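What follows is a single structure, and I will ask about it in a moment.
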Amino acid sequence: MTDNATGQGHNSVRRTPDEIAARIAQDIPDGFYVNLGIGQPEKVANHVPSEREVVLHSENGILGFGPTPADADIDHDLINAGKKPVTLKDGGSFFHHADSFAMIRGGHIDLCVLGAYQVAENGDLANWSTGKTDDVPGVGGAMDLAAGAKRIFVMMTHTTKDGAPKLVDRLTYPATARGVVKRVYTDLAVLDVVDGGFQLVEAVEGLSLEDLRARTGATIHTP
Amino acid sequence: MIDKQIATIEAAVADIRDGATVMLSGFGEAGHPTDLIHALLDQGARELTIIANNAGNGYVGVAALINAGRVRRIVCSFPKSSQSVVFNEFYARGAIELELVPQGTLAERIRAAGAGVPAFYTPTSAGTPLADGKEVRDFGGRPHVLEHALRADVALVKAETADRWGNLTYRKAARNFGPIMCMAADLSIVQVRRHVGLGDIDPEIVVTPGIFVGRTVTVAEPADEQALIASGYRREPT
Amino acid sequence: MTDNATGQGHNSVRRTPDEIAARIAQDIPDGFYVNLGIGQPEKVANHVPSEREVVLHSENGILGFGPTPADADIDHDLINAGKKPVTLKDGGSFFHHADSFAMIRGGHIDLCVLGAYQVAENGDLANWSTGKTDDVPGVGGAMDLAAGAKRIFVMMTHTTKDGAPKLVDRLTYPATARGVVKRVYTDLAVLDVVDGGFQLVEAVEGLSLEDLRARTGATIHTP
Amino acid sequence: MIDKQIATIEAAVADIRDGATVMLSGFGEAGHPTDLIHALLDQGARELTIIANNAGNGYVGVAALINAGRVRRIVCSFPKSSQSVVFNEFYARGAIELELVPQGTLAERIRAAGAGVPAFYTPTSAGTPLADGKEVRDFGGRPHVLEHALRADVALVKAETADRWGNLTYRKAARNFGPIMCMAADLSIVQVRRHVGLGDIDPEIVVTPGIFVGRTVTVAEPADEQALIASGYRREPT
């Protein structure tokens, strides 16, 4: 989708969620054990190159799940963490919840891709609560995944719907975990979390560094 | 002779007391012991503390229990869903107490209770509001939170097969909290689709050894909670 | 076996190990999950009344093991905690070591019968070490069983070979666990551990209370 | 493509380094990875720390490793046996360091390492010499000892079947420490009697999911350690 990303007359190509997912998938090596957060990150599964074997983990107790089944094959006992029907690949397995989170907390999951409200330049992640006290709170496995997986990639829009930066110098939302994010993939850029801020890996075509910085609430270093 | 099979679901839950702490297996609807919960609803125990991953959807299962005013407190990781109408309403008007626990910490606390470990340290929730007021300690240069074992008086669990010793197998991702809740409750009550003869479950594939099981009851065709919710069914105490 | 139990001219009937085991077996209800310590306590299995179904646990990862197999049926992968070949009953199961000790430490084992060097009148148990520093130490599962099982019964001779009491007011051997023993079965008596000492349940025929007290290094109460 | 199967046992252990911490599965001879241990003996790594329930019998398996002077330190629950001649001799002359750990604490410490739990409290050993110098804390009015996770660089494990993803099944009581050691080591190397096709192991009966397994190697006819010991065989490095 081509969009006016900056709102300032520059034409840049904003990545669609599927394009972000495809970009993330490029960075997943063959043989990785991967947990995909509920929502947009689930799209990453559709873009893993077919020659790479990536084992998907679902925190409710599945390793090696596969794509959504045909309606006739839906099995209510075979759902993922997003409570959506899935299938099981050859080589898959089932296990109980304590074992499943042992995989997560024990550092056995090579990569977890999560959505976020905010990522701070020190790697702090906020993705479970907006901090509004009248909301019904819910945390699920977010804190376990954020604290436990070997690598955390974040997939999110670069700014909120209102244009507020989601890459920030300090979280203003409640933290999910501290200092855990390794790389952020947005509709505008890919950035690594390094000492002292974000390091630009790539920006979408047509987006100047100034424009990117204008939409980012934290330091961006360039290589 | 050991025979843990109970003839009726009513008898299986008959002695659950007011004020009991009750674990409910299941992640979403998979593995949720809907039939046992409805039997508990009919049985009438009040002032319950519920430990479960979710707080129910529609007006069936744990949501029906909450809706009937039977639940004083719930310990769970994710009460909210698009259909958690009952919990949301009770929570908004302060009619139910919530202890929010990260899902992996919930699982590990339950397992710890079953394994005789009163407390353990975990990196999960360190540096977040969910660690407020908890002991934090560094291991390997990283902060960890002290978490305590979570036990129950009763666990209501759904499994697939049982023999008369109470050995259990589960079905696919419906396994989830079942095995650890059976370990962590003084009395585990398990609904299974079918009972098989002693020795018919290969000893290599027993998931929950009978030592963790108090009672089993056959529910050959368990309630399809998703279908009930979709139909708008409201389960009331009978 | 009839023996001169006191060495003081009184004729009493000292219980043989099999007789002690049979006495213990009487006290095991139908449906109990029982762990039998390595050595003499293993004999208890042979004396459980046939109408009672008792499930034997072995800490290496077996529930529901049965008697020694015929030589031709020995399977080196099916051994008990004493590393002796066993069989598996219908309804038995295998599990890993952490799960096995979760059963023990988590209080799921109804009863554990252990041998002992000493039992103190406060229920302290010594059965893993003589405290000699030149010995190769070994603890195995003794401390886990002693601390974890719901009930600890001790099966032992009333005195050492040299005639020293093994029921004592205070341990002189290193402790296995504190305050855990519930009942002691010896070749001379059965005694419960109660507040303030041992309570006599029964003594073998022909043994006077005075004789028993002379062979015991702790307070014995009578009903 | 994921394929954890290594062609030869020599290749499977080739990169174990001097000074490595190595877990060995097995309770007595059941589940003891004798063939992998002999390959490690031939490979030559020195100054090893061994974590295992026992310290070996006769002159085979871990006893052969100790006898060749490769083991600096051993963490185990029961080093002594009627045939632990090598360990006894090394221990008597101070040639090997011993950390004695109650068997259940050993298992739980290993599981904790695999589960990302750096430390936990246990009632086991409270009030005994094995708790000397350790933190003790009351929970529920009872003293508990703080115990730390026990990890390893490498686990050598014996299992029954594997597929190319590393999913494992075990055989009877030979399961013992295998599953938790696979979790607790940076690299687990597993000898199995046979490899089967992907999908040939029922997903319900996988005991160790492949995520915990680094390498597998077929040893169709594993050494019969008991027979070797009985025959007086002495395994020396080749």
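The first chain written gets the first letter, and so on, giving A, B, C and D; residue counts start at 1 in each chain.
Keep this in mind: a contact is a pair of C-beta atoms (placed from the backbone, for glycine too) under 8 Å apart; a residue touches a chain by one contact, two chains touch by 3 or more.
These numbers were taken from a predicted model, which means no experiment stands behind them.
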*asked:* Tell me the fewest steps from subunit A to subunit C, where a step is a jump to a chain it touches.
replied: 2
*Any chance you could name the chains that touch subunit B and subunit C both?*
D
_Intercentroid distance (Cα basis), subunit D paired with subunit A, Å_ = 37
*How far is the middle of subunit C from the middle of subunit D, if each middle is the mean of its Cα atoms, in Å?*
30
*Hunt down the residues of subunit B that sit against at least two other chains at once, touch-wise.*
108, 111, 115-117, 122-123, 170-172, 203-204, 207
*Do you know which subunit A residues sit against two or more other chains?*
88, 94-95, 98, 101-102, 104-105, 148
*Report the complete set of touching chain pairs.*
A-B, A-D, B-C, B-D, C-D
*Tell me, which parts of subunit C touch subunit D in their complex?*
58-62, 75-81, 83, 88, 94-98, 100-102, 104-105, 124, 129, 134, 136-144, 147-148, 174-178
_Residue ranges of subunit D touching subunit C (in the complex, touch as defined)_ = 27-31, 53, 77-80, 84, 87-88, 91-92, 98, 100-105, 107-108, 110-111, 122-130, 170-180, 207, 224, 226
*Flag every residue of subunit A that touches subunit D in the complex, lowest number first.*
30-31, 33, 51, 53, 55, 57, 63-64, 88, 90-95, 98, 101-109, 148
_List of subunit B residues in touch with subunit D within their complex_ = 108, 112, 115-123, 139-140, 144, 148, 169-172, 202-205, 207
*Contact residues on subunit B for subunit C in the complex?*
1-2, 111, 113-117, 163-165, 167, 183, 198-199, 201, 203-204, 206, 209-212
